[in-house]
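As written, the chain order gives the labels A, B, C and D, with residue 1 at the start of each chain.
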Amino acid sequence: MPASYAYLGPEGTFTEVALRTLPEAATRELVPMVSVPAALDAVRNGEAEAAFVPIENSVEGGITTTLDELVAGEPLMIYREVLLSITFALLVRPDTKLSEIKTVTAHPAAQPQVRNWMKANLPDVVWESAASNADGARLVQEGRYDAAFAGEFAAAKYGLVPLETGIHDAENAQTRFVLVGRPARPAAPTGADKTSIVLWQRDDHPGGLRDLLGEFAVRGVNLMLLQSRPTGAGIGNYCFCIDAEGHISDRRVAETLMGLKRICLQVRFLGSYPRAGVRAEDVPTALPGTSDDEFVKASDWVARCQDGRF
Amino acid sequence: MPASYAYLGPEGTFTEVALRTLPEAATRELVPMVSVPAALDAVRNGEAEAAFVPIENSVEGGITTTLDELVAGEPLMIYREVLLSITFALLVRPDTKLSEIKTVTAHPAAQPQVRNWMKANLPDVVWESAASNADGARLVQEGRYDAAFAGEFAAAKYGLVPLETGIHDAENAQTRFVLVGRPARPAAPTGADKTSIVLWQRDDHPGGLRDLLGEFAVRGVNLMLLQSRPTGAGIGNYCFCIDAEGHISDRRVAETLMGLKRICLQVRFLGSYPRAGVRAEDVPTALPGTSDDEFVKASDWVARCQDGRF
Amino acid sequence: MPASYAYLGPEGTFTEVALRTLPEAATRELVPMVSVPAALDAVRNGEAEAAFVPIENSVEGGITTTLDELVAGEPLMIYREVLLSITFALLVRPDTKLSEIKTVTAHPAAQPQVRNWMKANLPDVVWESAASNADGARLVQEGRYDAAFAGEFAAAKYGLVPLETGIHDAENAQTRFVLVGRPARPAAPTGADKTSIVLWQRDDHPGGLRDLLGEFAVRGVNLMLLQSRPTGAGIGNYCFCIDAEGHISDRRVAETLMGLKRICLQVRFLGSYPRAGVRAEDVPTALPGTSDDEFVKASDWVARCQDGRF
Amino acid sequence: MPASYAYLGPEGTFTEVALRTLPEAATRELVPMVSVPAALDAVRNGEAEAAFVPIENSVEGGITTTLDELVAGEPLMIYREVLLSITFALLVRPDTKLSEIKTVTAHPAAQPQVRNWMKANLPDVVWESAASNADGARLVQEGRYDAAFAGEFAAAKYGLVPLETGIHDAENAQTRFVLVGRPARPAAPTGADKTSIVLWQRDDHPGGLRDLLGEFAVRGVNLMLLQSRPTGAGIGNYCFCIDAEGHISDRRVAETLMGLKRICLQVRFLGSYPRAGVRAEDVPTALPGTSDDEFVKASDWVARCQDGRF
């Protein structure tokens, strides 16, 4: 398997910074790609061992390009997730003063995070969109714009300096990234895990989605994320991207997946992997009756009943 | 094992008639007992191979003595059930005319079934209770009463004749009987089966009973009977005697029992056995997603996901 | 309305003792009746203002005669309930010694409460059933039996003395009695109330009973009792006698009753009345979102939405 | 109120075509705006009577800009919806041949609909993004690009001709648009209506979302759309944009909204309005027990119970 990770480029973006927090990234070649589909295609084609792409952020919600790529096409699996806090620096050429800035650039996704700061500090400046935050920095280096919003880490690479750092309109702004590979055995459970799936409903009746969620609830499995995505079968037809607490090797998760598989038109397993930023000791105990131990005991008891020994 | 069946006596009652409808009864010694507890104790003590007792009728509902005996004490299991339509004959000594009847007797349980008929046909007669319908017939034979309500089959035994037959205030009056033995492997599924259990709730919260019934509903298992019985822990404390469609070897039933075992304080398995009066071809198909085949496929799919092969 | 209360007689039974704990009983004529149906018929016929009858006990569960009378016939309503602890005294003629007792009597319902005590203290004695505990005491007075199990209060009336008191095999043995009248406006809520209803399901499908219980759960109304009783439409056909926490004037209870009325074949309202033995300050607060205040606010909000003012 | 409708411009886009299908648009001044927020701000500021914007399409799902604008800020209400099938024409200057096309342009949203067609028919052409499809047509008119994908209706306005029409990779590609105004009384129900709301959960527990959906299910209200949007409180925190069948003046919808209002942290009502493309006679009858008539009867019955008259 090629020892390379594809990631959503270019270099010098938040994605690269997030990727470098993974220990295994140190031993791989990191290859920037022009888009999420390009990064995931590299995995599907066998050109890359894995791809590292954003999947959710606190301002935009689910990254629909990533979700749609995981929902359709050759099956892929998520093996790791990384959470990164997003704050911007205002990068300028050395010696540029705030009052001299007439034009500013960044990727459009940066706008919700810097809009209020701009109103307060750069009210009359002209905004131009860049293909990426790193590309914006490059354009400032080339003199095309006066300033760029980007991660502070991008300054050095482009010979710029941060005039202001820690810019973030919304508190707790974070982006979640995932490391995606071809299907293989999931990593062993850590005690603080997450399982991702996609569900397609068999039909549409009152309470249909509730019945589907009932498969989780009756086994005490908590939902962490539910995002609807179009199925392509016409407006109003959606499948559901779901993140649930726990690992597929947990009995309650496995039985929930079985239940969903039985009642859904289709279920796609997207992996079980460690939750970023949560330690096993901080995960609440399973609800009464839903621990592995209780599952095993109940299963043994039914087996004894089937044999008439109890 | 002793080749005898104990049953709720005396001879000549509906219970004996029902018991004789079982082919296997022809090869056993049939031993009448004075009470349901006595019949079941004979099984528990090893004096009888099985006991045959009434468990439900259309007028009184669940026979509480039988239910309470099954709920508590050494575990027993149900292996067969029999449904018997209950209609009464008015038995008299030969040559007695309707107009000569001044006193009539029967077991109190007969009263709801003959009350209206008596009002219309014997308005001024005096009713006296007997220990059993057969005993009432005996007392008529002895000349103590003028007439007895009993099964028509009891006439010959006591030298009486039926003056009127087919007496039944309520249409569809039936009694259900069960053949009860010590725990052993349940009979193989027939396609029209029933599973009996007793449930004790772990605690009492709003929706507690609904959650418990949710274990059935989420797996498409239909409830046929739900009867509450006191736990003995004080007024308002009940356990639930439940009959559900299907056999413990059906995957949906087995998983339901596992779920109940996990969330209940206690579950007692009372057996899986053929439904009386229902043929396999008349049982509705399992709900979508709940057949054995779908369970197996779903289980296989989860196993493949756990291995990363799909 | 006649100022009399009918009750299940004869005099000197636990029922009379329970009835006399009601302050209003002091100003009524108390009329013993031979049976529960007779007592309730007296109310239906206008001969009595109300009837006082047992409805549940901790050994037998629901008193089926009483439940069946409330379920069918002219509608009646429950206005009060009384809880009475049941312990027996062994009543004998003065100077009788324990060793001299050869025969003992009582109503059959007493047996589960005294069986173990008898095994330990009167192992060889002969038991004979009496029509009521009071009647048993009378038969001892007449010399027909040596001893009777009855309430200690019955001793004086029949010239007997208690040889032993406080006999009760089961701890917490209690009987619940209700005061039943013709339909009228329920008593005002006290903060610790109970609502009794009877439900007939519209049809029978998997999850049917769960849906019905969902009407309670979704509005945070706790179930206190669920008893199935035959509908008379043949074996396996049941209606459900249900006690729920709260008063029909509570918004959550009223909306629950509306929901049940809509989805059930039939609903019979049996009254809202104070819970015996529970003070308002000991009743847990309504679940979040289910208080009267929250219902009123939500209703006002919907009305504003319907007007486009919000 | 100003007699103008703001809409997502520029002129000559699908949005304008969809808007002109509304009869009331004929009597208003139609004002193109540069963005969805700009169009909705015009309504909030009182500069426009209403705004017409896309809210969902079959390829992208919910239009997040529109949803986020409706979720936050001054409350707005939806009064109408329009469904438009989306097929593209390839517009060129007169006399341009297919083989002469080297560059093509359109809004990026057009790409998923024309990608396959391009691969098959224009494999080597260079794609450049335009600010809107209409703008792309203008740039072709100016000679900057050779061809533009746009609605066929845009040809005449820019002096172009359709070289090919009916281009659509996905069958059933549709966009849904809504007419949004300041809160006012919703239009009267038509029998084929839809109600839009936003829900914020009070807390996050296993089954929390299922409980929320239970408010719909228990009253037989069908869900048509469920889209999660970030609340702004950090990653993983979502509110739910929901479309449900029925009108707020339907009793089952009103009671559902009340239930949600009680258990949710917050509920925002976004309007009840006629469903596009559905006639009242094609809407399935309400489930048993959920019609207005049944609600009224149940409410009357509870009122009679509260009075003791039944």
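Note that in this section contacts are C-beta pairs under 8 Å (C-beta built on N, C-alpha and C of every residue); 3 or more make two chains touch, one makes a residue touch a chain.
None of these values were measured; they are calculated from a predicted model.
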Where chain A and chain B overlap in contact partners, by chain label: none
Least hop count linking chain B to chain C through chains in contact: 1
Interface composition of copies chain C and chain D: same or different, split at half: same
Mean-CA-position distance for chain C and chain A (Å): 59
Chain C and chain D: spacing of chain centres that average the CA atoms, whole Å: 58
Between chain D and chain A, distance of the C-alpha-averaged centres to the nearest whole Å: 27
Interface hub residues of chain C, defined as touching at least two other chains: 214
Contact graph of the chains (line, ring, star, complete, other): ring
Chain-to-chain touches, reported pairwise for every pair that qualifies: A-B, A-D, B-C, C-D
Contact footprint of chain A on chain D as seen in their complex: 56-62, 64, 83, 170-176, 204-210, 213-214, 216-217, 220-230, 232-238, 287
Parts of chain B lying in touch with chain A, wherever the complex brings them together: 75, 77, 183-186, 202, 211, 214-215, 218-219, 248-249, 254-255, 257-259, 261-263, 267, 269, 288-290, 294-295, 297-299, 301-302, 305-310
